[in-house]
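Both complexes below contain chain A, partnered by chain B and then by chain C.
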Partner chain A sequence: MRLLTVGGVIAYRALFNWATPSMFVGTLLVAPLFQLLFFAYLGRQLGVADDTFYIVGNAVLSATLACVFGGTIAIANERRWGTLGHVLLSPRSRTLIFLGRALPYAGNGLLIAVFTLTVGSLLLGLRIPASAVPGLAVTFAVGSLSCACFGLTLGALGLRFRDVWLISNVSLALMLLLTGVNVPAEHLPEWMRVVGGWLPITHAASAARLLVAGEGFGAALPSLWREALVGLVYAVVAAVLLTLFEAESRRRASLDTL
Partner chain B sequence: MALAIEARDLRRTYRTRTGWLNPRRVAIDAVRGVDLDVRRGELFGLLGPNGAGKTTTIKMLNTLLIPTSGTARVCGFDVVSQTREVRKRIGYVFGGDRGLYDRLSGLDNLRYFAELYGVPAARQKRRIAELLELVGLAGRERDRVEGYSRGMRQRLHIARGLLHEPEVLFLDEPSIGVDPVAARELRSTVAGLAATGTTVLLTTHYMAEAEELCDRIAVIAGGEIQALGTADELKHYAQGRRVLEVQAFGVTDAQVKGIDLLPGVREASVEVLGTSQVLTVQSDAAVDVQADVLRALDGVRLGRVTARQPTLEDAYVTIVNGVDRTPATVTA
Partner chain C sequence: MRVVRLVALGTLLHVKQFSRSQFEIATALIIPLVQATLAVYLFRAGTEPHRMLEAAIGAGMMAVWSSVLFGSGGAIQTQRWQGTLEMLMLSPRPPALLIFPITLATAVTGTYAMVATLLWGGLVYRIPLDIAHPLAFAVAVPAAILGLGMFGLLLASTFVLVPNANAVNNALEYPVWLVSGMLVPVTVLPGWTGPIGAALPTTWAARAVRESVTGAGPVWPSLGTCLAISAVCLVAGAAVMSYVERRARANATLALA
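On to the complex of A and B.
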């Protein structure tokens, strides 16, 4: 348990490039807010959807940068410091070591989403029913966690393949398009919707929309479960990849373990 | 008495692929049949030139690599199938700048690895404080590692390797790139560890380090152990010889080859020392080759010429020079 929590937090400070206050505020808090405003005003111009649609969608989306890159960094940056060999010499469970590293990023994402929603609503004058607040917090937490697990999968690939940052970048762009946060899902071709259904935050976004519309937690629950399932799948994939790569490395010296 | 490390006919071949359009497979036999028996509490040296297979041997013993063939046990546990048991009992330190989280303080680096290496939470604080004291980093532990000197990093590496009080410590070229004063402190730390009963397997290519520290030394070259014994025993390899050292400026490889072929000469090698070269010629003790050597160096500006008794270093040169150092085989 300590390995999961204390270990995760130290690793966060060790590996996260943006762990300085100015980088954090600039990249993770201010940028998503402008993105929200951009889409909201664009939406007003084009009359596609109302402010609420964009505020909620972009609040959920705001967590992705921190979570996806965070998850990737949390594993792939071992390469940068040359610490992987020392980590792999641990007799302890790989799952605990690496999955614990996703937790701080998920917490990070939750914070960012709450901030973006609050400030976005204040700026654009959206009123969120008080009864929806606890449900929204849970939704953001689940969305961030599943995003961070997606990041871990990419990070695991990053141990083996140098160019994983390319995948991280592309997947962030895909999330903008396919998860229904800025483009209503019903406007997307069928296959894009299917792909979106297996990306993190798609289901969290629909849950958040239901909650803000005052539908109640019960209505949002099925979407939340789906989001949790997507996150779990990525966590399992990450764990399996890490196991495979470690075993392969012992046979073929395929990881930079020194 | 039980053995701390026991290796039987360890072999490791690396297979790599080079080229993309016209790929060629390269097989490198990095380690070719190593047998080792290291007793508990022993300070054992693995001495060899670059590329001899020292790191590969250590990585097989510490579970990071699986041997291509052969077996090894550490504290009685198999390094392939009982990795958890082995990992609990070993520490691993290697030379160089990397391998630490630069953004964290030394203290946080140790905290994190204490967690990874399973030091009980209640013990961690005391253990880390002890180690900081041992390696002389107490007082600097809250500074970020990115500001540490090479020597400080190296000492932090050692502290990390000792966190979980390993029974066997692997030290892979710990003094590489460390200044002479720091290297001496490092040696006294290592000697201190061995005195407390920790088994140490030390690799190095510095003769003096091996001679000063190690109970026994194995000389490895070309992936095979060429000689094994105490420093005194190894000196026998150069027994019955005498050594001529000539300081020179501008000796060519061809001249060295020529000297190597002179009657009575056993080894000839050149080392660059600052602006000058030092030519070392080993010959049979009964033959005085000085006149012949100086004649072969006709035209080269020379400095001091000295004759002396052979040292461990000469023995090492004798052992290593006879070895074929091209372990790679290429197949299309």
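On to the complex of A and C.
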């Protein structure tokens, strides 16, 4: 447990180069808020959906920036800064080491989602029922954790592919489209809905919308389970990829090749 | 004439350099396509499916702005990381003349995205390329690119003075898309955003290109305003660049500042 939590926090402080106050505020708080406003005004003008749809969806989605890039950074920056070899020399479980790294990013994601929802609601006049708040907190936490596991999977690809940032950037852009956060899922083609169903945030956004609509935690629970399952799948994929790529990089002596 | 040659050759050099980067090319090509697809589905889902071409053009302009913002905003920093900043500053030409081709190249790179977006819309979503004023469009796009490149010099020179300029970069993408009316008409935004949008060359560039496509208004006044504001940005950017260079030389912080 100590390895999972303390190790994760130390790695976060060492590797996450957006942790300075100005970078944190500019990149992780201000940018998602303007993203929310952009889509809310666009959706309002086009008559696609009401403000609630965009505020809640984009609040959940706001966690992706910290979680997807954070998960990627948690692995890829070790390689970039030449410290990956030291981590892999450790006698402890690498799976635990790397999964522990997802936790601070998930915490970050939760904070950002709460901030985005609060400020977005104040700016655009959304009233959230008090009874929905605990459920929303759980939803944001599950969504952020799921997203951080997705980020770890992308980070694991960084052990194999040189340009992992390209994969992260494209993934983030695809999540804008496929998660149904900005375009209602019924307006997307079937294949996009299927792909979106296997991406983090999609089910968390559905759960959050049900909660804000006053449907209660019971109604949101199936979506939350699906989101947790997606996160678990990515955690397992990340662990498998890390094991595979570590073995391969040892065999080919390509651990620190950039 | 020598200045024009310097800018043209410098721009060509930097465009070639960007073209060697898999990351730059893939980012410039893939992300705008995703944004264009998002815009297409949003416009289809909404009440204005007839404005699909505007959606594709808007997504293209958004990509040009992203390219200028991230490329120009970090132009000095990139030269510093590459170890080429000192060489540039040693040149006998004014520093602004050497950095301007970089910012112009970022805007030119953004045109990949504009072309890709239009092709994507035509080939995948069968959006007809019915441009109301083809000649005006052919002039408006390069002129808008030039204008945004000039604006880029102001970004490059001022961002170098800002600690953690990347944070400003990351925070500025959506606000400028929003207040410039690239996809969302400025008329639906709060009134106080109007003067901000009116002061930005991005607003007039997007407006000129849109007017050339839809025929909804006269292209030339918008384009003229875009270029006039951009010229002011170019002069201001050149002044700030000279100040930054002198300060860096005096403090011996060129490679460190």
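Basically, the second predicted complex is superposed on the first by the 256 of 258 C-alpha atoms of A that agree within 3 Å, B and C clash if a C-alpha of one lies under 4 Å from a C-alpha of the other, contacts with A are read in each partner's own complex, and residues count from 1 in each chain.
Here is the rule we go by: contacts are C-beta pairs under 8 Å (C-beta built on N, C-alpha and C of every residue); 3 or more make two chains touch, one makes a residue touch a chain.
Note that this is a predicted model, so its numbers are computed, not measured.
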item	value
Joint occupancy of chain A by chain B and chain C, clash or fit	fit
Partner chain in contact with A:D163 - chain B first, chain C second, else both or neither	second
Chain B versus chain C as contact partner of A:V30, first or second or both or neither	second
Touched partner set for A:G85, first chain B, second chain C, both or neither	first
Centroid geometry (CA): angle chain B/chain A/chain C, rounded to a multiple of 10 degrees	90
Chain B versus chain C as contact partner of A:R127, first or second or both or neither	neither
After superposition on chain A, the shortest CA separation from chain B to chain C (Å)	14
Common ground on chain A, meaning residues reached by chain C in one complex and by chain B in the other	none
Contact footprint of chain B on chain A as seen in their complex	2-3, 6-7, 10-11, 13-15, 19, 81-83, 85-92, 97, 249-253, 257-258
Contacting residues of chain B [partner chain A, same complex]	14-15, 55, 59, 62-66, 83-85, 87-88, 90, 92, 94, 96, 98-104, 108-109, 111-113, 115-118, 121, 160
Chain A residues touching chain C - in the complex, by the definition given at the top	20, 22-23, 25-27, 30-31, 34-35, 37-38, 41-48, 163, 165-166, 169-170, 173-174, 176-177, 182-184, 187-188
Of all residues in chain C, those that touch chain A in their complex	22-23, 26-27, 30-31, 34-35, 37-38, 41-48, 163-164, 166-168, 170-171, 173-175, 177-178, 183-185, 188-189
